[in-house]
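Letters A, B, C, D, E and F mark the chains in the order given here, with residues in each chain numbered from 1 onward.
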Amino acid sequence: MKLAVFVSDYRMTVDTLDRLSPEKMGIILVQNGVYHATLKENGTPSSILNKSAEFYALKEDLETRGLDTSMVDSKVKVITLGELVDLMFNDYEKTAWI
Amino acid sequence: MATTKLGFIVQRPPYKSENPKLALTHAIATQSVEVYLNEGDMVTADIAFIGDGVLNCKKDQKAMDYYGLTSTDQHIKMALLVDINIWVCKEDLEKFGLSEDDLVLDAEEFGADMTVNVVPYSEISKKMEEMNHLLFF
Amino acid sequence: MGKLTIGCFASLVGSLNLDFAVKLSAAAIEKGHTVDLWVSGNGTMLSIKDQRPFKDYSHLEKPLKELMAKGLTVTACEACAEARGYNKDVTMEGFKRHSMDWYLASTFDADRVLHIGGE
Amino acid sequence: MGKLTIGCFASLVGSLNLDFAVKLSAAAIEKGHTVDLWVSGNGTMLSIKDQRPFKDYSHLEKPLKELMAKGLTVTACEACAEARGYNKDVTMEGFKRHSMDWYLASTFDADRVLHIGGE
Amino acid sequence: MKLAVFVSDYRMTVDTLDRLSPEKMGIILVQNGVYHATLKENGTPSSILNKSAEFYALKEDLETRGLDTSMVDSKVKVITLGELVDLMFNDYEKTAWI
Amino acid sequence: MATTKLGFIVQRPPYKSENPKLALTHAIATQSVEVYLNEGDMVTADIAFIGDGVLNCKKDQKAMDYYGLTSTDQHIKMALLVDINIWVCKEDLEKFGLSEDDLVLDAEEFGADMTVNVVPYSEISKKMEEMNHLLFF
C-alpha cells in the first residue's frame, strides 16, 4: 500500500502514525502539522521526522504561521497545494488524515 | 458489478468529538447506498477500533440516561444489526486492562448474527491493505 | 484526470479544516480533476447562506460559489444539519443535502478519497 | 447565594461541553444561585431555534427553555453568530445577543467564573 | 489561591496542569477526564493522580462511559453535579478549565 | 468604584482552535465594558501566552494572504493598541529556540505605547494569584 498520511496537529492525541507500516509512506504536514517541520524542542527536531517516510510541508501553512521556509528541516520538501494534488494522484493510492 | 471497500478506523474515545458516532452512522448508511449505484454495484464499510478508540466499545454506557443521547455501545449494536464488520484491537484492550467481558460483543436481543471481533493489530493492518480507501475517525 | 472525494467534519471557524478542504478542491479542479465535497457533523455549518464576512472569521461562501460554478459538487449531511437547526431555508443555493449514503456512493468511483475526520 | 458566570465556546454536538454547561447551570440554579451563561465561537450554535431532536445528537433547546423560565440568562456573541450565518431570525426566543463586552461585564459581580474554553 | 482545575480530556495537548501550583488545588475530572480516575495503562494509573491535589470525578460522566464507580481509584471522590456546585462555591475561589 | 481583574491564559497554538483568537477579541472588548457597569467600575483583561500558546506571538504571519483572516500577530497589535497587558513565557520561547526577535513586540506603526513583555513563568504565576478570575483558552 502506498499511503499519504496527513498530519494537521502539532500535539497529537492519537498514536496511529506509530502503527502504520505501509510499503510506501508520505507524511504531508499541513495546518499546525507544519510545526513538526520547523520547531525544535530543547534543540531536538520532532520525532515524526524519524519515521521512514517522505516528508512534505505545505508552503502556505508554513507562511500563515510566520514560519520561513529557511526554518524547514532538510528532510522536508516544501510544496504547494497544486503539487499536493499531483502527489495524491500520482505517488500514493490511499490517504489517512489522522 | 463492482464493490468498493471502505475501511473506517476509529482512533478516538467516545463523547469528546463526534468522530466515533459519525463513523458508525456513516457505516450504517451503506445499507441504502444502492439507490445511487447501478444494479450489482456496492460500497461496504468495515470498522476497526484502535488506540483510545477501543473505549467506544465499553458496555453499559448510560449516555441516554444522562444526556438523552444514544450511547455508543447501543450504536455499535445497530451496526451489528445491519451486518457491519467490527474489529477491536486486542493489544489496546490489554493495555487498558480490559477484556472481552467489558465490551459490547453482540446484539442478540435485536436478532443480529454479527459479533464484535477482538483481533490482534496485525489483522487490522492486513485488512487496511485490502481496502480501497481508508477513513480515519 | 481523476475523481477526488473529500469528506470534512470540522466547523466553519476554528481549525481551518474546512478552509483546507475548499482550497484543496480548488487546486484539484484547477488540475482538471472532478471533486465531490461532503460535509457532515459540524462541517454542515459550511452550507449556511448569508455568512457575514468578518476578517476575524473564516468565510467560505464566496470561494465556494466560485468553485460550484466551476463544477464542484458539494453536499451536506441532512440529518447533521437539521439537528443543528440548519434548515433548508438557510441553505446556500446549489448546496445539496442528502443522507450519509451519498458520501459512500461518491467514493464508489472515486480515484482518491480524503476523509478529514480530525478534531 | 452567589452568582456563577459560565462561558462556553464549544459546538452543540461533539464534545458535550455545552451539555455540561447547561447541566451545571441547572444544578447551580437548583441550589439557589444566579447563573449567566455566555456562548461564543461555535458555542453560538446553541442559540439556533428549531433544532430537530434526534437521539444521535445533543439537543438542548428544551432543557434550555426550562432553565430560562427559572431565571437563567443566556447570551450569544453576536459577531460570532453572524459570521456563521446565525441571524436574528433563527435565534431562539429569549436568547440574548450582545457583543463580547457582555460576558466581561457579567464577570464583574460574579462570585465564580467558569470559562469552558477547551477544544 | 484555591483553584479548582477542570480536566475534561484523557489525552491532553497542553501541559498547563504541570505548572499550576496554587496553595490549594482540586482536580475535577469531568467528561473524558474521568478516564484518569479509572483507566490504568499497562497497569499504571494516570500520572495526574500523582499531583498534590484533591481529586473528584463526576458520577454521571463515569456512568455515561460505562465506567462503574467500583473502578475508580481510591484517591478520587465520586461527586454529583450538585456537589460540584457546592465545591466551586465553598471550597475554591477560582477555576481553570484546561 | 471597583475593578474586576481577569487573567486570560492562552495555552494553545494559533489556527487550530478558535481559542487564541477569542482570547484576543474578548480582551479587546474590555474597551466597551463600561456601558454595562456603574460609573467608575471596571473590568480588565490581561493576557499571558504559555506553552504552545507562545506560537501565537510569532511575527510575520500571513493568514490574510492565504486564508483572508486577520493573522494572530496583527490581532496582538490591536490588543496592544487598546492597552491590554500581554506577557509571553520566557522558558517556553527558549524551549522552542525562539527569541524576542521572532515575535511581534509592539504596534508602533499604529501609535501603541504598550509592548509585549517576555517574562519568566514565575512572574505569570504571580499575576495569576492577583487576578479575580482566570480564563484558560
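We take it that a contact is a pair of C-beta atoms (placed from the backbone, for glycine too) under 8 Å apart; a residue touches a chain by one contact, two chains touch by 3 or more.
These numbers were taken from a predicted model, which means no experiment stands behind them.
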Compute the shortest path length in steps from subunit B to subunit C over the network of touching chains. 1
Starting at subunit C, how many touch steps does it take at minimum to reach subunit E? 2
Among the chains here, which has the CA centroid at the largest distance from subunit C's centroid? E
When subunit C touches subunit D, do the two copies use mostly the same residue numbers, with over half shared, or different ones? same
For the pair subunit B and subunit F, the C-alpha centroid-to-centroid distance in angstrom is 43
What's the distance between the Cα centroids of subunit B and subunit D, rounded to whole Å? 33
For subunit A and subunit D, what's the span in angstrom between their mean Cα positions? 38
Give, as an integer number of Å, the spacing between the C-alpha centres of subunit F and subunit D. 25
Of all the residues in subunit B, which ones touch at least 2 other chains? 12, 15-18, 25, 52, 67, 132-134, 136
Subunit D, residues touching no fewer than two other chains: 13-16, 41-42, 56-57, 59, 79, 112-113, 115, 117, 119
Residues of subunit E that touch at least two other chains are 9, 11, 13-14, 31, 94-95, 97-98
In contact, pair by pair, are chains A-B, A-C, A-E, A-F, B-C, B-D, B-E, C-D, C-F, D-E, D-F, E-F
Contacts from subunit B onto subunit A in the complex sit at residues 9, 11-12, 50-52, 121, 125, 128-129, 131-134, 136
How about subunit D: which of its residues touch subunit C in the complex? 11-14, 41-42, 45, 48-54, 56-57, 59, 79-80, 82-87, 90, 119
As the complex stands, subunit C meets subunit F at residues 13-16, 19, 55-59
Which subunit A residues qualify as touching subunit C in the complex? 6, 8-9, 13, 30-31, 80-82, 84-86, 88-89, 94-95, 97-98
Within the complex, which stretch of subunit F touches subunit A? 13-16, 52, 55, 58-63, 65-67, 71, 73, 95-97, 102
